[in-house]
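These are the structures in question, set out in turn.
In what comes next, chain A is part of two complexes: it sits with chain B in the first one and with chain C in the second one.
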Partner chain A sequence: MTAIHILKEREKQIYEKGSQPFDLTCDKHSIAGSISQRACVFCGSRVVLYPIADALHLVHGPIGCAAYTWDIRGALSSGPQLHRFSFSTDLKEKDVIFGGEKKLYQALNTLIDTYSPKAAFVYATCIVGIIGDDVDSICKKMSKEKGIPVLPVHSEGFKGTKKDGYKAACEALFKLVGQGSINHDSETSKFRINILGEFNIGGEAWIIKNYYEKIGVQVVSVMTGDSRIDDIKSAHEASLNVVQCSGSMTTLAKMMKEKYDIPFIRVSYFGIEDVSKALYDVSAHFKDNPQILENTKKLVSSEIQNIYPELQKIKKALFGKKAAIYVGGAFKAFSLIKALRLIGMDVVLVGSQTGDQDDYKMLKELCDDGTVIVDDANPLELSKYIVEKKADLVIGGVKERPIAYKMGIGFCDHNHERKIPLAGFIGMLNFAKEVYATVMSPVWKFAPRHL
Partner chain B sequence: MLLRHTTDKIVERHALTVNPAKTCQPIGAMYASLGIRGCIPHSHGSQGCYAYHRSTLTRHYKEPVIAATSSFTEGSSVFGGQANLIQAIDNLFTIYSPEVIAVHTTCLSETIGDDIPQIVKKAEAEGKIPKGKYIIHTNTPSYVGSHVTGFSNMTKSMVDYLSQGNGHKEKCINIIPGFVEPSDMEEIKRITSELGIKSIVFPDTSNVLNGPMTGKYKMFPKGGVTVEDLKKTGCSIGTLALGRLASGAAARALDTKCKVPCELLDLPIGLEATDTFIDTLRQVAGVHVPDSINIERGQLLDIICDMHQYFYGKKVGLVGDPDQLISLSKFLISIDMWPVHIVTGTPGKKFEKRIREITKDSPYKVNVKQSGDMFLFHQWIKNEPVDLLIGNTYVKYIARDEDIPFVRFGFPILDRVGHSFFPTVGYRGGMRLLEKILDALLDRKDRDSSETEFELVM
Partner chain C sequence: MATEEYVTVTKNACKLCTPLGASLFFKGICGSIPLLHGSQGCSTYIRRYLISHFKEPVDIACSNFGEQTAIFGGEVNLKVAFDNIIRQYNPEFIGVATTCLSETIGDDVPMFIRKYKEANRDNKLPQLVYVSTASYRGTHIDGFHDSVKATVDILTSEYSYCKRENSINIFPGMLSPADLRYLKEIFNDFDVPFVMLPDYSQILDGSPWKEYQKFPKGGTKVENIINMGTAKACIEFGKILAEQNSAGKLLNKRYDMPCYNIGIPMGIHETDIFFNSIETITGKSTPEKYIEERGRLIDSYIDSHKYVMGVRAAVYGEEDMVVAIVSFLNEIGIIPVLCASGGKSGYFKDKIREMISDFDEKGIVVIDDSDFSHIETFAKQLKPDILIGSSKGYAISRSLKIPLIRVGFPIHDRINGSRILHIGYRGAQQLFDTIVNTLLEKRQESSVVGYSYM
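Now for the complex of A and B:
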């Protein structure tokens, strides 16, 4: 591998632990001409709101934005499947010149009459921002006519990064919160939480919800895994918000704290250590019910007992192998580092698309000396460090997968294309098995690998 | 049932596309650009577009897909993207040293009216373009046409920017292969060399998006048409454009610019279209068709004869790109199968006319629509069921819901491999297509036969 240059402007976005004082720059726009792995505002909004299964999701723009996000995310629904359709106003040249408002109105009218959704989200894309369609007023009008919330999502792609899309999604969700109420007649627990930032990829939300139910905590809503509008409307009746994907959902948690005085905690459901901590932290919030803590202890111990022997076997095989992590949100990386340690692996590269200063500081604390920490990387940088650091495994998303395979090393998807859940205790075992299978695959014996 | 929301009642829709049978221009331009050796496709717009295009191409080809972006911010959208593009050009040449940067616009940069040639000129004046390196560009507003249009536009730009005539003609034929797989481009090259013809195939994504596993990540794989060859296209004796929509514009531009005469043919999918392709090659280059090619033709014919009883009278639903659907429909009819529902998302009235001509002797009522979507396609099927579906991966929802055998063909295919390695063009491609069709039909027959009808030999 020949030496590659790092873009001068990017030098401060890469840090090798132990080699220099920590001074990592992040939270800045990708430079033009960099081959960033990042996406746009629309992408951020779409991934957060997508799993709301009984809502209508209408993309207002030319066809591409809808086509590229059509059912690419494995966010499972236990009931309605309306979210898996691809609806678009499919703007044409004429609409761009004369405005797309009429088309949007007609499309909403048809769709709401046809599918009777519980709510509708209208995603405003780049072009809508430029031609200046008044999406807000059409949504308002539609809402009045149809008697359901019709919510504009201001996800014009150029307005920032994926993070700004998360914010736009949170704002749309916040408009729903407080509009409904849970059924108080039935014997429900007063120990109620919302799960935030869990998208039910491969059924992960179901696992987590089940744990909470087992320890005696009621989940009012999951935002937005296997989500329903009515649940979101009642979310203000929870007494705690448990935030997993902090990058996407902290905004909503903060808004709910301010308006409804609901505190929030950050958790992660990846890895034994973090999922246990998540359950304990929730039970600590309900300390006036000691039974919850008791239940948690029992659950954690029995779940760990179930998976531990197999994890130990896997650890033996994987001991000393090296992993490179490149994920969307940095918070996920913390858990991954811990989970990889648990199965004997070292992390040699860790990076994210959207981490902030605090995230990277925490990453630095968590990493061993020599680990490269990188913000907003490109394929050449990734491949350079994979070679230099002799990684055996890459954890990433769709665009990183073929890079790893071309280089002859294992890959684990931790993003869109998951089929098997990685959350919870069982998820830890799934993760370990998957890492084992890919790292130890016999294919690498036949594959050239220039490390 | 995932699509249970689909009803059989068809209502005319003007303001709404449900489950698109197309996507937008820039991805086609990006795909075409990847068919030039040492080229970085550059998306002039915000970051999301190119992220989606790269992801989709990565999912379809299972290969790393390189591209860059102007990373528009709110500022660039208001004041124009000139500064971004100039910075990008500078960064790309400095860091990655590509031979060519192929810029395409997005709906955003198109609408704010960025003038790419003017920006490139400025970059040149500022010394940002190293000697011997090139920038080409095309306009690909997403609200016009489809991914096929984008492919066509970028291919035409290769001609506009790079083709040069010098008055002399080389005994070489240009072939513009259309929006097909890398495997198809490879097969077209194989056929021409089998005929003993020197050719320049452009764009050529073989060995770029179907490369071998080497243990190395290469930003610029060894495949792709070289800039040198692209320049020489102006000196060839003729151009064959395969697929009128995807390749016609570039071929005509080359004729106008360098006086290289062109023939516009259907994509060589299936028996007749391949016959025409081979025969035209023979005539233009003045060669004989070798036995090896005749043998391939005979083999394809042999399969059709051996198995024709399984094709007879079968009804088929097709979704895809216009060029593909035209040849595919002809192929199916030649083996006695009848396309009854044909949808393309790509706009263009000629398509409907052409399909009407091809299917005029059909014993069934034929539904055909340009600018259609898969929702309508599904509704048609509900009203008139078919025996087989052919289309991209998204058709699998309909295949599952309606329990109809399904052959994957077109773009994108996200859930299977093979398309990037095994061609569907030429006689061999026809053999593969038939194999897939037979597998689908016969597997179904096996599955559905009663105990007494279940046969060993078919």
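Now for the complex of A and C:
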């Protein structure tokens, strides 16, 4: 086997802590010919808006973009399931030549009549950007005719990266905010928040919402896990935005700060340390009500007590095992490093698809010497480092799984397709159990790297 | 059915886009890298989709269009992509498939490739094959077949052949790794040289590694593809494909090579035709092993005929796959009351009608260019007992409470997508056993008594 070369252009996107002065390049377009683990603008928009269950999501373009995103995420809804459909205008050659506007209009017309959604999102994909359909004006027209918000989402894949897709999604959400109001007749508390960047994978939003309710804080809207258009419309009535998955939702939080003067804080719900901090930070914000802090203390200690004994057992088994982390956003990586330490594991590689300079600096602070830090890695690089660093576990998404398994290494899905909640205290336990199940499986002894 | 709705919107597509088929095909060549010419998302989505089925790494490169590229064209990106792939992977073969984006802006990829070759005249370049796969002109199966043809076209055209070898070219189409392995076994047992294109039987269903392999073991060798022009005959699966321009027909025209265009060999009838073709080409008789497989299959047909007779099935998938399954169902007495495909070749209904003598009396519904919402609508009316097709029919299976027999591509909710055997006597046996057992289980579970004998 020939050695794996790191492409020259990519050298600056990889850093080993303790080796050279820190100067990691990121935020670059993936280079041509590389096999990036990244997706496109559309993907970014789609993941953010996807969980809104009472909205129509219509992908305007040829069939692929819609087909590949049909029901791919574990985002649960407690009611309508409209988000799980894959609707596409399925553009054909003649549409590409003569334009797809008529088709889009007809599609929206039929779909809105059939499914009576509370709003519709129209995703403009690459081809639409090229053939120049006036998606905005069709949406406007449709909105008027049907009396619901019909929002264009400009997510032409080639016009940027996944981050630009997040931004387009936030802009669409922002148009909804402020159009409604929560029911003020019933008992509403003045301690109100929005949960931003929580997508209810495996029911995580429900877990988190429950914590907030227990400490005496009202959740106006979750964006976008199990969310409803009406809740989003009332989001401006919250007094604090609590932002997880900051990469995707900070734009919206900033816009709401500017227009509605709602402050925001960044949190993470992964790992005991971070979920506790999230709850404490929120209670600190509402310090005029000391009861909230009291409740938080009680909740945190009882939740930790519940899971601690089992975590200790798992930690004993996993002590000293090595993990590699490759996830979409860098913020999640911080939490994962801490959560892995809690169960006795060392992190030997950490990388992300979309981290920025500040993220990577912070990662560097958090990591031990010898840890490899990468931006926008490809399969060859990932495999090279996980083998070299003797990882026992890879944490990533569905595209990283076969790389880990092929090399005979355990794997834990920490992306949007998993079915088990990993957030909150109970999520920490689930996570530990899953890591245990994969790292401690007896099958690895048959893998070639152990022979 | 509202016809308006039929033309303007696709709900839960029963097809994928053309570059997916092309990428899968290119994975089946030894030392090859598929390169999608367009923007990043398409290639990542396609990789993800293939990975979820095959559960193996699927490396697909991309020329990564940005905004500038979309305005000024993708020549530079393609060149840089070639350079980088060659530097990092040093492949023997790069299969370039276009995406909708590069097609729409009108990139002249053949010219880009010519210029690249000229500029690199002094370097040894990999084989560069290009196929046009605008998704708005077909489905994944078209992308697959078009890439087979493009590859054969380009790789055999540079050579003139004087000698006719005794070998057979086999174009199996989009089958499972298990099917491809079985085909190789058959040709080996016949003791006849052959070239199968593609062959991802090891690449997409192989052992774990000690070190990351840029190129997993296996795949059709480039030199063997080049030699396809010297073979004695071709066998090509697919009755719909038989009506279209294909790799086999190209060889037939170019080298006057006999081409056997037969159906995908599912069930006894079609498998017999397949074995007969090999016998005719080679003059050898079918090895005993397969005669015994056939015998056991017939024996099991007899043992279980009552459980399947008159059972109603809804079948969906690629047109040729559905046609093959229908042929199999027809020979065991199952009525394919609904036959659906997202493809639109224009031959689908005729091919099915041809096979079933009392097609009209049976009230069989055939729909092409369809999606899962049409399939569900018809399934509600036609009340099939079983569904047969990819895992994407699960939503219907669940809502209508009809068991789903998983075959074809994709299988995203079970672990054995690569190992499902569809073809030959052995594949028919597997499928038959699965169907009968599913029906028995359904009967057993719904019985008040719960008999423990059949």
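Here is the rule we use: the second predicted complex is superposed on the first by the 447 of 451 C-alpha atoms of A that agree within 3 Å, B and C clash if a C-alpha of one lies under 4 Å from a C-alpha of the other, contacts with A are read in each partner's own complex, and residues count from 1 in each chain.
We take it that a contact is a pair of C-beta atoms (placed from the backbone, for glycine too) under 8 Å apart; a residue touches a chain by one contact, two chains touch by 3 or more.
Nothing here was measured: the structure is a model prediction, and the numbers come from that model.
K.L.:
Could you classify chain B and chain C on chain A, in the superposed arrangement, as clash or fit?
P.N.:
clash
K.L.:
Going by the contact rule set out at the top, does A:Leu82 touch chain B (first), chain C (second), both, or neither?
P.N.:
A:Leu82 contacts chain B only, not chain C.
K.L.:
Under the stated touch criterion, which partner chain does A:Ile130 make contact with: chain B (first), chain C (second), both, or neither?
P.N.:
Both chain B and chain C are touched by A:Ile130.
K.L.:
Once chain A of both complexes is superposed, is A:Gln106 in touch with chain B (first), chain C (second), both, or neither?
P.N.:
both
K.L.:
Quick one: classify A:Pro448 as touching chain B (first), chain C (second), both or neither.
P.N.:
In the superposition, A:Pro448 contacts both chain B and chain C.
K.L.:
With both complexes overlaid on chain A, does A:Ala278 touch chain B (first), chain C (second), both or neither?
P.N.:
neither
K.L.:
Which holds for A:Ile195: it touches chain B only (first), chain C only (second), both, or neither?
P.N.:
A:Ile195 sits against neither chain B nor chain C.
K.L.:
Given the touch rule stated above, what does A:Ala67 touch, chain B (first), chain C (second), both, or neither?
P.N.:
Both chain B and chain C are touched by A:Ala67.
K.L.:
Residue by residue on chain A, keep only those touching chain B in one complex and chain C in the other, then list them.
P.N.:
In chain A, positions 1, 4-5, 7, 29-43, 61-70, 85-93, 95-96, 103, 106-107, 110-111, 114, 126-127, 129-131, 157-160, 379-380, 383, 398-399, 401-403, 405-408, 447-449 sit in both the chain B and chain C interfaces.
K.L.:
Can you name the residues of chain C that touch chain A in the complex?
P.N.:
2, 4-5, 7-13, 15-17, 19-20, 35, 38-49, 51-52, 55-67, 69-70, 77-78, 80-85, 87-88, 90, 99-101, 104-105, 134-137, 139, 207-214, 392, 395
K.L.:
In the complex formed with chain A, which residues of chain B make contact?
P.N.:
Those residues of chain B that touch chain A are 2, 4-5, 11, 13-20, 22-24, 26-27, 42, 45-49, 51-56, 58-59, 62-74, 76-77, 83-85, 87-92, 94-96, 106-108, 111-112, 141-144, 146, 211, 213-219, 345, 394.
K.L.:
In their complex, what parts of chain A are in touch with chain C?
P.N.:
Against chain C, the touching part of chain A is residues 1-2, 4-5, 7, 29-43, 58, 61-71, 85-93, 95-96, 103, 106-107, 110-111, 114, 126-127, 129-131, 157-160, 379-380, 383-384, 387, 398-399, 401-403, 405-408, 447-449, 451.
K.L.:
Spell out the residues on chain A that touch chain B in their complex, using ranges where they run on.
P.N.:
1, 4-5, 7, 29-43, 61-70, 72, 81-82, 84-93, 95-96, 102-107, 110-111, 114-115, 126-127, 129-131, 157-161, 379-380, 383, 398-399, 401-403, 405-408, 447-450
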